[in-house]
Amino acid sequence: MCRWLTYCGEPIYLDKVLFEPRNSLISQSLRARHSHVTTNGDGFGIGWYSDRPVPGVYRDILPAWNDQNLKSLSHQIRSGLFLAHVRASTGTATSRANCHPFAHGKWLFMHNGQIGGYERVRRRLETMIDDQYYSHRVGTTDSELIFYLLFSQGLDRDPVGAMMRTIGKIEMATREAEVDAPTKFTAVLTDGAMVYAVRHSTDQAPPTLFHLRRDNHFMVVSEPLDDDDDCQAWREVPAGQMLAIERCGRLEMVPFLPAC
Amino acid sequence: MCRWLTYCGEPIYLDKVLFEPRNSLISQSLRARHSHVTTNGDGFGIGWYSDRPVPGVYRDILPAWNDQNLKSLSHQIRSGLFLAHVRASTGTATSRANCHPFAHGKWLFMHNGQIGGYERVRRRLETMIDDQYYSHRVGTTDSELIFYLLFSQGLDRDPVGAMMRTIGKIEMATREAEVDAPTKFTAVLTDGAMVYAVRHSTDQAPPTLFHLRRDNHFMVVSEPLDDDDDCQAWREVPAGQMLAIERCGRLEMVPFLPAC
Amino acid sequence: MCRWLTYCGEPIYLDKVLFEPRNSLISQSLRARHSHVTTNGDGFGIGWYSDRPVPGVYRDILPAWNDQNLKSLSHQIRSGLFLAHVRASTGTATSRANCHPFAHGKWLFMHNGQIGGYERVRRRLETMIDDQYYSHRVGTTDSELIFYLLFSQGLDRDPVGAMMRTIGKIEMATREAEVDAPTKFTAVLTDGAMVYAVRHSTDQAPPTLFHLRRDNHFMVVSEPLDDDDDCQAWREVPAGQMLAIERCGRLEMVPFLPAC
Amino acid sequence: MCRWLTYCGEPIYLDKVLFEPRNSLISQSLRARHSHVTTNGDGFGIGWYSDRPVPGVYRDILPAWNDQNLKSLSHQIRSGLFLAHVRASTGTATSRANCHPFAHGKWLFMHNGQIGGYERVRRRLETMIDDQYYSHRVGTTDSELIFYLLFSQGLDRDPVGAMMRTIGKIEMATREAEVDAPTKFTAVLTDGAMVYAVRHSTDQAPPTLFHLRRDNHFMVVSEPLDDDDDCQAWREVPAGQMLAIERCGRLEMVPFLPAC
């Protein structure tokens, strides 16, 4: 299982949340407490919005805990909306192209989970990616595949519908291929204005998802960042739900219903 | 254009040909003389046969000229049949998965050239890869695509036919997509017993291919390795021809005719 | 020989000068025109000042021309004072710790040249580094050694004097070790307020150094960035001279005289 | 704490012990059971003797568990004496130059432990390295420093004495610098004929060291490789002891006494 966070609110330097909390994302990359997978050392990535029309992305295949560039960049870069991800591979290769977040145009996406029986449905799902997006697929992960399916399902016009249709089509494909393994989709998607965070699985064990609201920011994470007192502040997102967060601060929780 | 060599003959340590000649492959990776592309710094790879049923592969994304591992490995590894490749990317990402040679089972493959209009025919050609091989595609290059098409065209039973059918199908796909850019296929393929080296292009400018026969070995290269007197010993393979070399030393040159 | 540039003036996005000019630094990293060394593929680095007390640094050992992170970062980061460097190793290893620019506190430093007979005087010069700085030496290059000698010679109080004393001591050490090879010091040093650019060598061939003044910025480079008409705008800094540039725009040229 | 193994006996393919046992070195790199440090993801290395006068070395900064090159190389390389090491950094940078084993001439060395108060005695100890070896120091770790001190203390003539004198001098330096932190030296040193394995510390907690004798080989490891029944076969080396193992199979255990 991968570990990640999304910050949305008053602009801050990234190291404020990536390195400073006791159970920070970087500490989590060394030892995750709520997870079966011991170590998240298979690469990492950050994505952030500043003044440019497109977000910035920095990804590398070293363990995050030892990357001097990440330390310096997160000390310099200030952003009001950013994502960070540390990866524990579920089988695909360690390469920059396989690290999250994925970026295309104004969109950023990161994913914790899997397409059940990926190798048996990969081709079929890849044929559903529109030609104009297919050439942007440079890696081999199921996560990147989902990202380009979103575009092909109308992400720019209707992001929530695109997510529900994409997961619906994936689940149909795995059912038809008689795959037993569950499809899990705990994910964050953003265009720089809205943040969508989903916790969904075809079984009873979707990867965890928590959120926290402070005066001047929201955070959405795979696992709470603080150790003690603050723990009460984190709210677990129930399975089958989606958060939709506006940058102005409005948050809505709605059911996430894959479309047939 | 990439640079490469194949050695077949009496077992030698790899550094004997990778590092020692004046115009060695490693020197070529710094400055190629017969090529428009200045520098081959986008990764490298070696593949070799020793006592195991499958060949060994070492690939990395650093420039070959500065890799201490390559120096030590090529000083230790002795082989009677090995390939080495330095890469100058024609657009796809620098990752280990995109470095040559490609290996699957007993086969090694490396390629200098391109599928004309790759992005316009990539999907169509990928659908021609048999299911059993598709999950082994971990990179995004046209070269790896060709490699798995070879398997799908019967590589194990009929390697020469598989190459001719594969290139024929690629050329048909590019014609139907009305691609102008030429398809170039200067390549080496081996199963550890036979070495096939092809020089082919749909235009008049296939990448160069040379071979040399000594008492105890053959070499096939993209560019001659020696500077002065030895130059006469290298023979250029004409466009449209294929060498078939047995490890015992028998060499045959035959026309390479893509099959419709 | 390495290639580099320094920009000082109205804040701009880094890609404006790193990627856009025809003979941009990234193009130069592929093929340098004024240099004997063919290729600058042994790592690169950028350093920049934004709102933090210390500058940011991003360095990596891949060739700069193929680094997607560098593309994205230089598209996002805006700065009124930044340095960029592409490295062609003169013998020391390719590691991030050996890439320029070097950073310590508020200072950034990059260097094109060498300490003559480095291996014969390295120890002696290392003993001249103050204890408090020695533990910050994490690489093995002569350039990093010079950087920490500068601190030990009073960089914070008197940067110009520290440079002259440092080079003076280096030249004395090489003379006493009867080294024949010249010491070359074409370098840029800045604390975020002043930029010092030196062109010096003990022989008649110091690495080139050019500067250009526009309405709203200065640039100091190892080799002019534009191909044609703009070439006249670049002024070569004579051997033995030093530029001192204030961020407000005042530029002074003074002789660089190593102190005995 | 780092994890490592040494194999000495009938030549085998390296993957036989690196990848196959249930608690293999590669599994250990993901989760170490006898150690406080969670994860060994800061690089790895292998060193082996074959037919060449000098051993081969392959080191990289990726986590070992995800390195395809390591998988292929350890499947191909067969050796009767080899070392493997996975690194958990104790503070110095992740670079190939800092990965174990270290090689010079016919010698290989790997180390688990630390020089107490390293930063306070580093310079003083570096001045004890003979000039002829100092230029070979390309990293910054205490382990590499110890390696070159061994040469300066007569490694080639008297390896056991060189180890005892080196550790003695280190302990004297830390005492004089009034360092509180202990110096720990659990290490393996070999010239390809003899293997020396030491377990020593200035406090009561030297890193663990185990050995195992089978019909046709010895192994010396930081932590037993097998999970269940085989556990009885492993013998813990007591603190303050050194194993001296001949390739013919003779093993001797003697006290390790740092020399003043």
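Just so it is clear, A, B, C and D label the chains in written order, and each chain counts residues from 1 on its own.
Note that contacts are C-beta pairs under 8 Å (C-beta built on N, C-alpha and C of every residue); 3 or more make two chains touch, one makes a residue touch a chain.
Everything numeric here is computed off the predicted structure, so don't read it as measured data.
Asker: Higher C-beta contact count, A-C or C-D?
Answerer: Counting C-beta pairs in contact for A-C and C-D gives the edge to A-C.
Asker: Since chain A and chain D are copies that touch, is their contact same (over half of the numbers shared) or different (under half)?
Answerer: Chain A vs chain D: same; shared/all numbers exceeds half.
Asker: How far is the middle of chain C from the middle of chain D, if each middle is the mean of its Cα atoms, in Å?
Answerer: It comes to 38 Å between the two C-alpha centres.
Asker: Where does chain A touch two or more other chains at once, residue-wise?
Answerer: 68, 93, 96
Asker: Quick one: in the complex, what on chain D touches chain A?
Answerer: 30-31, 38-39, 41-42, 61-63, 65-66, 68, 89, 93-94
Asker: If we count contacts the way the header does, which residues on chain B are in touch with chain A in the complex?
Answerer: 92-93, 95-97, 119, 122-123, 126-127, 131, 134-135, 137-140
Asker: Show me the residue ranges of chain A that touch chain C in the complex, using the header's touch definition.
Answerer: Chain A residues touching chain C: 13, 48, 50-52, 54, 56-60, 68-69, 72-73, 75-78, 96, 103.
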